[in-house]
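Once you scroll down, you'll see the structures, which are given as structure tokens.
Presented sequentially are two complexes of subunit A, the first with subunit B as partner and the second with subunit C.
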Partner chain A sequence: MVDEATKRTLAQIPLHKTKAGPRDGELWVQRLKEEYQTLIKYVQNNKEADNDWFRLESNTEGTRWFGKCWYIHELLKYQFDIEFDIPVTYPTTAPEIAIPELDGKTAKMYRGGKICLTDHFKPLWARNVPKFGIGHAMALGLGPWLAVEIPDLIQKGVISHAERAMNGAEDT
Partner chain B sequence: METIESLKKRVQDLEAKLAEASKTITPQQMREKIGQMSSEVVDSNPYSRLMALKRMGIVDNYERIRDFTVAVVGVGGVGSVTAEMLTRCGIGKLLMFDYDKVELANMNRLFYQPHQAGLSKVEAAERTLREINPDVEFEVHNYNITTMENFQHFMKRISEGGLTGGPVDLVLSCVDNFEARMAINTACNEMGQTWIESGVSENAVSGHIQLIIPGETSCFACAPPLVVATNTDEKTLKREGVCAASLPTTMAVVAGFLVQNTLKYLLGFGQVTHYLGYNALQDFFPTMAMKPNPQCDENHCLRRQKLYKEQEAARPKEVVVEKKEEIIVHEENDWGIELMSETTEDELKAAEGEVPVLTEGVTVAYTKPEPPAQIQDEEISSTTEQSLEELMKQMKGL
Partner chain C sequence: MADWEEVKRLAADFQRAQLSSTKQKLSERNVIEIVSKLIGLKLIEVVYTLDGKEYLTPQELAKEIKEELFVHGGRINLVELQQILNVDFSHVESKVTEIIKHDKNLTLVLGQLIDKSYLDRFAEELYDLPADFLSENVHERLGSVIKGQVDSYDNDVIFTEAFVARTRARIRGAFSAITRPTAVMAILSQYDFQERLFYSILEELNGYLEYDAMNRLGITDPKGFIKKRYKSEKPIFLSTCCSGRAIQDQIEASVEEALSTGAWTDIMPLVPTIFSTSDVNQLLTNCVSGNHEAVVCCDTMVVSRKFISNCNKPFASLMADKAEKDAKKNVSILSTQGGKGSHVKLSGMDDGSSGRDDKKEGRKKKVATCTKSGGGTQGREVKMKSTKKKYRARDQDDDSDDGGAQAIPKGREPELEFMSIDEITAVLRTEKDLEECPEEMLTEIATTLQRPLNREYQEVAKSIFLQSAGVATGRLVEKHTVNCRRKSTALTNAILFEKGIKQSLGDSSSSGEAPTEDSVHRSDEHGGQCYKATDHMVSLAEDTQLTSEGRAKVINRFQKKKKNWRVSKPNLTWCVIRTPGVPLKKPDKKKEGK
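And then the complex of A and B:
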């Protein structure tokens, strides 16, 4: 279920107005501007709350997104590359966020390293079309996933901090 | 006299050749293409048992199967078996779309073999199917249909990939996710393409097929995703540590339903079912017909509905032989909504959206209230002075 902390985070992320996907020409540009505004606000909020945890950027068309997310466990920082495409049916369907480097390391992933979402995600997304955007997918999908899976993967020894550090986990 | 070195090398070469040969059959083993389907019952005729359907009075003209083109989207547990059945039935042309690779983790399902691990699913499928029936024409695409660049191409192949360069006769959705189903739905609504959606639940104990004729029957966006209720305690179905389970049995049953309905639709025999569910725990098979939702989110669905109404109005009245019970989507009704576990009171309230009238044993995955639930009022100002480039730069500079 959506916990209180996630709900509070969600409430601070601005909602979108334009219902447009990548096939909608000028309307998509409008939507893309909304997405960027939202993400900028969200990252700024995170920084202010001392809870900065991701960066994202896209290609010029706004159809392919990539960036980094990180998770602090026992004072150590674990960083991962993330990526996703905006589906043609966006925003009716949410983007499927992937962490390719963890593909095959956990059962809570679909092929290609797409994170497995909890049961509540899709209904909540469907009820909030077109208001929810990339920021909401991050807060509602990736955030809770990292909080559950990363400590588990560390504990199982599947990922180690040394390895993360070598992959450039220290520079942000 | 040959040296030991050269003999060793020769052994190595022969071993490599042998390994290669065991993977593919030699041209001698591959049968010749058959020009005309024959009903002759001889052990060398691969079509004799199918052509017997004519003699038995089930199908008028079985040979027509060779004139049809079917597109199978997703060749995983359901799609690969579907493609094999159609190949064995002698379908004219088969288009296959998938972006996945064969993995050992797929071996609990039918069709793919361990030695194919690492190959793209469409490539592995084409190789196997061509050997089974060289009369079938194959066209395969190894990509994800939901992204911008691939979707355009996907639409083009659906509209021009038929045997004679026209649209395919039927699209079969055998994908395993909501996004891809919605992409197929969008494409088919836009093109007026008839398709059959299929699915197996993530707990592997239920499945369904649904015939979608844009404008005439409910499209995939007309209602929230339908689920076959298996009456299992939700609490016992906690997905601890896994995304999805799968069984070869459930997948094969659904593939069987899908191809059976496909054959009936293409060859015009029996009744084509609009919706057929499969509850594997109770062995219950709910069926129903579904009309499109006049408030569907999809503009092209609404356009197709209008077109269909006009066509129906223009058609001379037929004598109704059998009145089919029609189930209308979008009527207010509080029939057993299956809500997600662990929802809060607020979410329960928010979930009181309209529930379509469905047959017993079928429900919706969730409801969508009208208007959608407000989380809060603060909406983004879409009249920013900043250009997209400036915003992108600002984001990068954070």
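And then the complex of A and C:
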């Protein structure tokens, strides 16, 4: 259900201990620290493996996250903005990552550009509450989604490199 | 709110982590492809290591050379450098020469890269040490640390081995270039050779020293001088000169070659003309001593044992042929009372080998008596039996005549010679392999071969002879019985005839007697003759129908030798009985009665 590479990636990033949502006060701070540590580790691992594929930052409360992600297809870099809110029921409910600019371009998406995660992501997440966090959502949710959808969209001609180029250029 | 601060800090850390440069990772395969592409495009230049696992740019190579030089204290051998850097020697060498060009502090001496700092330190170390002390220490280390030799006349001069070798090579070159007589001094001055070294090397190159020549040079004790001068060389002192290692080596090599190929070689052309034959012989003996494979011939030649044994080959067939012939002749030899034997002796005397032959005869006699006394192998026994039978036959002869007349000693055959040395030489000369051999060598080989050949031949001849004798004995027995039967019938007949004659004498005429007697006589006689003939091993064809003339001849022959054969006889009965060696049954009375 999860490919070997993903499993390996998951194994290398730390799991969370604190079960707390944004409304849990001090515990949320604790949880947020863990989230950051996990993300730092995850990003470091990615960079070590020459597999950096996103930028992420949050508001001060850590409830709203935004950034970029990119996918390289046939030596071309396709970059997209991403954003998501931490749900009130987090970490029981997984965050819904959205790529607004692709809204309406693919069937694998809810209104507002929220990506439609695979059938097994949700049960997997549910099994791993509270151990999984934002990092895991990125690795298990967005990563595989991009890998499947972007080449498909490019092939269909829904997205072309030309319109992404400017976006990519300003970042790199 | 310390926790929020911490969150902020972590957020900042996270951003930093995200912004840090990604480690560019290329697989080894990709890198190799990229580099080979770059090399192909001539964008970079690389030097491969010997194992092919790494490459480095020339700049890196230069850097590494300098680093290694520093690590090794300012002095490093290029070969060592090559091993450390694991780069092809040519690259190291060319790079080093390049570096030296640019860097005045570096020098390349005898394949060693030396830094100026090293020389400085070296000089500092030697500074203010007294010369005596230095030379003493240098001498102490000669032959071990310092590879060189001290000039025996001037202790302050040391020749390194490299220098000596170089000088030797130059001298060799100079001398091989000489096409006309040239004064040694001219060469000496032209090439600027060290005079003493020059002479000693020249002598060395020649490989030998003539005592006379040394005397002329003013050396009164040549042998002593040589001993002192060439301690390690182990020269061989000969009668007129002293041979060096080079000549010995040369001789050894050619001897070895001759031995390994199973051939022969003459050493004479290999040594300088000044060497006398005895010198060469001395050298050669020295060389082959302890080597059982080699035989020295004619002083200067070496023949391998294999070669000699190869020489034996052509004789095998000759031997068989001759033995076959001789075996036949031998029969007559035996019966004609050793006439041939004495002849052989005479021819044997030509080369003075009769003494040996005599000795061998004596030995043989001993062997023969031993056999008689009952010892020996199965083969021997067979032999013994056959001889015994022969003896019996002859003994019976002796009984019947005056005996003792036989000149051949009993129990042995006459000495047989296969070939004379001259004959062997002649055969050898026709051999292809021996075409080039000088006459003396052939003779010497022939001499070596003669004895074993003779011995072998005698064996062969004996075995062939005994074989034929064995067959003859068999036939003899058969004939004997036939004869006995014939005789007894003849006897019975004779008696019957006699009786008949006596009875009829009174009334019939005497004319009947003659034919009867004659017929009895003839039938008996023929049998007797055949029998006798085989007995004496005169080759008479069995079925030969003898005419009365032929019969007379044979009888004559027997009569000459043995007086027991009577042709004239008083009466018939007597004649039959007197035929020797035939046991007679008593005449059958029953048959007589008829």
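Keep this in mind: the second predicted complex is superposed on the first by the 168 of 172 C-alpha atoms of A that agree within 3 Å, B and C clash if a C-alpha of one lies under 4 Å from a C-alpha of the other, contacts with A are read in each partner's own complex, and residues count from 1 in each chain.
To be clear about the criterion, a residue touches a chain if its C-beta (ideal position, glycine included) is under 8 Å from a C-beta of that chain, and two chains touch if they have at least 3 such contacts.
Keep in mind it's a predicted model, so treat the numbers as computed, not measured.
Following the overlay on subunit A, a clash is recorded for the pair subunit B and subunit C. In the superposed model, A:Q155 lies in contact with neither subunit B nor subunit C. In the superposition on chain A, A:E57 makes contact with both subunit B and subunit C. Of the two partner chains, subunit C is the only one that A:E26 touches; subunit B does not reach it. After overlaying the two complexes on the shared chain, residue contacts for A:A49 are found with subunit C alone; subunit B is out of touch.
Contacts of A:V88 after superposition on the shared chain: subunit B is touched, whereas subunit C is not.
By the touch criterion defined above, A:T18 reaches subunit B but does not reach subunit C.
Greater residue coverage of subunit A by touch, when subunit B is weighed against subunit C, goes to B. Look at A:I40: by the touch rule set out above, it reaches both subunit B and subunit C. With the contact threshold set out at the top, residues 29-30, 32-33, 36-37, 39-40, 43-44, 47, 55-58, 60, 62 of subunit A are in contact with subunit B in one structure and with subunit C in the other. Listing the residues of subunit B that touch subunit A in their complex gives 100, 144, 146-148, 151, 177-179, 182-183, 185-186, 221, 224, 239, 241-244, 297, 340-344, 347, 350-351, 353, 365-366, 368-369, 372-373, 375-376, 378-382, 384, 386, 388, 391-392, 394-396, 398. Taken together, the subunit A residues at the contact with subunit B in this complex read 1-2, 10-11, 14-18, 22-23, 29-30, 32-34, 36-40, 43-44, 47, 55-58, 60-64, 85-89, 92-94, 96, 107-111, 116, 119-120, 122-123, 126-129, 131. Subunit C meets subunit A in the complex at residues 3-4, 6-8, 10-11, 13-15, 17-18, 20-25. Those residues of subunit A that touch subunit C in the shared complex are 26, 29-30, 32-33, 36-37, 39-40, 43-44, 46-50, 52, 55-58, 60, 62.
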